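The two complexes that follow have subunit A in common; it is paired with subunit B in the first and with subunit C in the second.
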Partner chain A sequence: MRTRFFYLSIYFITISSLLGVVISGQKENKTIQSSKEDHCYSCHKEIDNLPKDFSENDIHRHANISCSSCHGGDPTSDDQEVAMSPSKGFVGAPKHKDIPKFCGKCHSNINIMRVFQPRIATDQVEQYYTSMHGKKLLTGDENVAECASCHSAHAIFPAKDPRSTVYALNVPGTCNKCHGNSELMKKYNLPSNQLEEYSKSVHGVALLKMKDLGAPACNDCHGNHGAMPPGITSISHVCGTCHVSNMEYFSSTRMAKAFQEQDFHGCEQCHGNHTVLKPTDEMIGVGKDSKCVDCHSSGDEGYTVAKKIYSLLTNLKNQFSLADAKYLEVKKKGMNDIEIGFLLQDAKQALIQSRTLIHTFDSTKVGAKTKDGIEISNKASLLAQKEIDEYYTRRNGFAVATLVFLLVVIALYFKIKDKKKKTEK
Partner chain B sequence: MIGNIGNKIISWIDERYDLSPLNNMLKHKKVPVHKHSMWYYMGGVTLFLFLVQLLTGILLLLYYRPGEDNAYESVRFIVTEVRFGWLIRNVHSWSANLLVLFAFIHMFSVFFSKAYEKPRELTWITGFIILVFTLAFGFSGYLLPWNELAFFATKVGTDIVGVVPVIGEPLKIFLRGGEEVTGATLSRFFGIHVAILPAIFTVFLTLHLLFIQRQGMHEPEHFKNLPEEKKKYIPFFPDFALKDLLLWVIVFNILIFLALYFPWELGNKADAFAAAPAGIKPEWYFMFMFQSLKLLPAHILFIEGELLGVLFFGVAGFVWMLIPYIKVKRKPNWKIQPLTLIGIIIVAFIVIMTVIGYLV
Partner chain C sequence: MKLDRRKFLNTLLGVGGIGGILAVFYPIISFLIPPKSAEPKVNSVKAGISAEFPTNSYKIIKFGRKPVILIKTEDNQYKALSASCTHLDCIVQYKSDTKQIWCACHNGIYDLNGRNVSGPPPRPLEEYDVKVIKEEIVITKMG
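The block that comes next holds the complex of A and B.
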């Protein structure tokens, strides 16, 4: 009898736990109301009182999520008094400081979110409070960005949708709404020309002009929900997420330690931050555009290495340019350029690798790679010269052949004339 | 010394096979001399270009490998790595085009001088068949480098074949070796180009040449009406043959010039999944038909425009072949006779449609 009671208890406990899970799931989903019978939308549209930024294609509206899911109230009633009654849970527009939690009601709850996107992250609010924006909001700052500042309130689209305010191409403009406001930024002692600087940088040109979605926007370096300026220790890692080899080479050098000791900003020290320009070979060496001479001076080891690396790079670059010019001539002459093209691709690769190896600050390593590149460039040059020579040989051959043909034609002409005379006789 | 050896060889053969009929023919064959004599050379140039095709084709066969994975690569190998491969391939491509051009010129010169009339009806018919096979050579050979343009041009060309009622669809599938243009089409076209067509072509060419040798050169009306003493002739051998040779040498020189200064681009390798490149055009000698089909409306009465066009060209070609048997009444008052007028209209149509095809 006791055993039977024991088994029955286990059975009931299991069933009631399962029921509990189902009921709690249903409760959570109840916070989201379908917009199919949505009097909020129909009435507000009728009296032309939809929110200013309202979009018919908003992601929530597309998912049949009613206005009341965020703002409360009863969307099934067409009586304003009833529909917007606090007794029906109507909360109206949330206060600025409450917005992250307001959105987080659903976005921080995986049980709700997985219905729409099973793999979606639900830590946005959590991350937000670690960001500079979130921290300031908690102190009561009314100016800092919250969810709607970046995503808008009623025209939200997935980040991959070009209409979205957080679509890669739109991110710089979205951030600039606040960060480009000099009055506002003054309060935080921040510059307001980041977009201007960024637009001139390699990243900005690639993203904004070339529309290369692979190029980094603001959030790729600063983070999005947990946005913060990268610290000194993390700056190489931030750049290194894309420039892997450069970071690996740099972090294993003596220079990396020296940088840390002197509070230098890693990559930023030589390349800048928002204004990362296309690096030139002149940045290494000891010339007027050199970055090395900012710290090194004539006679020290760094100065000598910089000079050596610059000379190695220049040598490869010159050999490559020579081969490339010949390659273009071969192409122009319509000769066989296939193999030369392949060789030049390899030479270019060697040049790129040599430039990357600069970050080892080791002239031996750079020298080994430039040697490879020079050998390949010379091979391409030789091959190109052979094709150019062949081009002239063919033309000379044609001239000789034409001369021979001409002689044959003349001989035949006289023979025919001779025959004609004989026939006439 | 060389002459002696030559004579010895000839007499050795003569002793055994009696070359007197051939000798007699060469001695007695005469070519009329008049203001339109230059057109007699067109057939010879066409024959010469065919011989160039034969020789360069054999040389290309030494390196060409048919097949989806090999054709393009082997042609690229020929033009880049093989010694004088570029010359042979370009001469083959240029000679093919000049061959069609001279075949057309030869055909129309025969038409306008009425050389097809009795007793030369079969010479005309075999000549027309040779022209059709020449075009087939061009169409099948165009695909062999397996490049983008050739691939899509073949697709369009075989699609047009499919329009013909009843036999069109099976013929299209037969030509393609399946529903689509694939490696199977390439293998098929290769076989057609290097084995089937040359075999049939040789038969008709031999007949065509035999008919000419047997019947001699055609004498135009105005020449025939001259009094006997005013008719001028030159011996076919060696006088006319030497002039032929002179022209062949010049044409060969031009051929090498074109091959060197205007090489045929190989382009990109054919890719069935790639989008068709812009400006796909058939070879120039198909352009007038292609352009006419393009200009036709989608429907003419209850028949599809394209179908009507294809049927029209089919029937027109057939009628053109049978022209020696079609009697058109002479109009004594007309400055240009009706048949000549038809010929002029046909030439004008071909030229205008070709030009429009390249301009539009």
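The block that comes next holds the complex of A and C.
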């Protein structure tokens, strides 16, 4: 009897909880009005008074979410007095400072959002208030970006849609709407040439010119809703999200600690921030383009190591270039270049790995890798030389054979002539 | 003098004849015993005997001019993908502990379907078709 009562209680509790969840979900969804019976849209369209940025393909409109879900009012009434009455909850356009909370009514509520996207994040508003934008907004700053500044108000598309203002290719332009405004940025003591700098960088060229969506846009380093300038300690982690080996090598060096002590900005110190250019071997060493000499001077350990690493790299680069030149000659001569190509790919890999190993600042580790690369390059060079020699052997052989045939023909001519003379006699 | 001329002509014909025979036969012999070289344009490549390929391991196959990584997964399935990392063309490897494809140059990681999962690779790896025909593994181009 006690067991039966126990099981009945469990069933009762489970069913009650499920009903509770369903009812609360329905209650939450009542805040979202369907656009199917939407007089807001039909009337505003009729009088040609739709918002300036309105798009028929807006994500909310596609999900049948009425204007009244955000602006309040009664969309079922075609009487303006009733539809836009404050008694019906009409709030109109929200104030700038209220926009994050306005969007957050739904976007911070998982019970509402999971209906549209089961895996959607609902912490955007929470993150926003930790960002510089959000913090300034709370102090009453009217200029800082809120949700609509980046996403637009009535032409919102999913971030993966190329029409979206926050689609990877569009992000730099979207941020630049404010960050490229020098008058506005002056107020915050910020530069306004980030987009110009970024466009020249290896990342900017990949994203904006080559349309490579794998390249980072502003938000990949600064964050989205919680956008902040990366701190000194986090810079190598920010870059390290993509450049993993470089970060791992650098983080375990003495240099990383020294950088922190000196308040140096990790990767940025040598590579820059928005203008990250394709690194050159001359950045290491002690030449005029070297970054090492910014801190190290002749006689100290760092100076010697930098000089050594540069020499190791240059040596490999030269051997690789030599082999590559021979490879091109083999290709040009139409000889068998396949095996040389494979060897050169390995040599190039050793060169790339040696360049990555620079971040260990350990000439022994770099030296071991460059040694591998030089060996492979030399092997490729030898093979290429063999093919080039083979080409000349074949060409000379052909010339000799032609000469031999020519002589045979001439000899035959005289032989036949002799024979004729003999028979005539 | 007449005799010398005839002798000269006969010698010339003899030497020339031998040279001519050599010049004809050398390309024939070269054709029959070709130098070791891979076929530049290939549509399929034999990659060894299935039973001799250990489970949860990989090897790099030369598919014409392109390196291809052939993986035998834990459940004895074959996967063949381009072995050139889409970042800077380094040759990728299979990590038997994490069951992922890894590029040693910049720590780029791909899943077993070739999708770029983390690190700098911007694109997935090109996939090849693998069939086992009479115990022999054959890799072919997709499509």
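A few comments on the model shown:
The rule we apply is simple: the second predicted complex is superposed on the first by the 384 of 425 C-alpha atoms of A that agree within 3 Å, B and C clash if a C-alpha of one lies under 4 Å from a C-alpha of the other, contacts with A are read in each partner's own complex, and residues count from 1 in each chain.
The working rule: a residue touches a chain if its C-beta (ideal position, glycine included) is under 8 Å from a C-beta of that chain, and two chains touch if they have at least 3 such contacts.
Remember, predicted model here, so these are calculated numbers, not experimental data.
In the superposed model, A:408 lies in contact with both subunit B and subunit C. By the touch criterion stated above, A:399 is placed in contact with neither subunit B nor subunit C.
When subunit B and subunit C are set side by side, the one touching more residues of subunit A is C. Of the two partner chains, neither subunit B nor subunit C is touched by A:47. Contacts of A:215 after superposition: subunit C is touched, whereas subunit B is not reached. In the superposition on chain A, A:336 makes contact with both subunit B and subunit C. Using the contact criterion defined above for the overlaid structures, shared-chain residue A:243 touches subunit C, although it does not reach subunit B. Shared contact residues on subunit A (touching subunit B in one structure, subunit C in the other): 336, 338, 401, 405, 408, 412, 415.
Of all the residues in subunit A, the ones that touch subunit C in their complex are 206, 212-215, 242-246, 248, 336, 338-339, 341-342, 345-346, 348-349, 352-353, 356, 397, 400-401, 404-405, 407-408, 410-412, 414-415, 418.
On the subunit B side of its complex with subunit A, the touching residues are 76, 79-80, 234-235, 238-239, 242-243, 245-246, 249-250, 252-253, 256-257, 260, 263. The touching residues of subunit C, when paired with subunit A in their complex, are 5-6, 9-10, 12-13, 15-17, 19-20, 22-23, 26, 35, 37-38, 40, 62, 64-65, 67, 84, 88-91, 104-107, 116, 118-123.
Listing the residues of subunit A that touch subunit B in their complex gives 334, 336, 338, 394-395, 398, 401-402, 405, 408-409, 412-413, 415-416, 419-420, 423.
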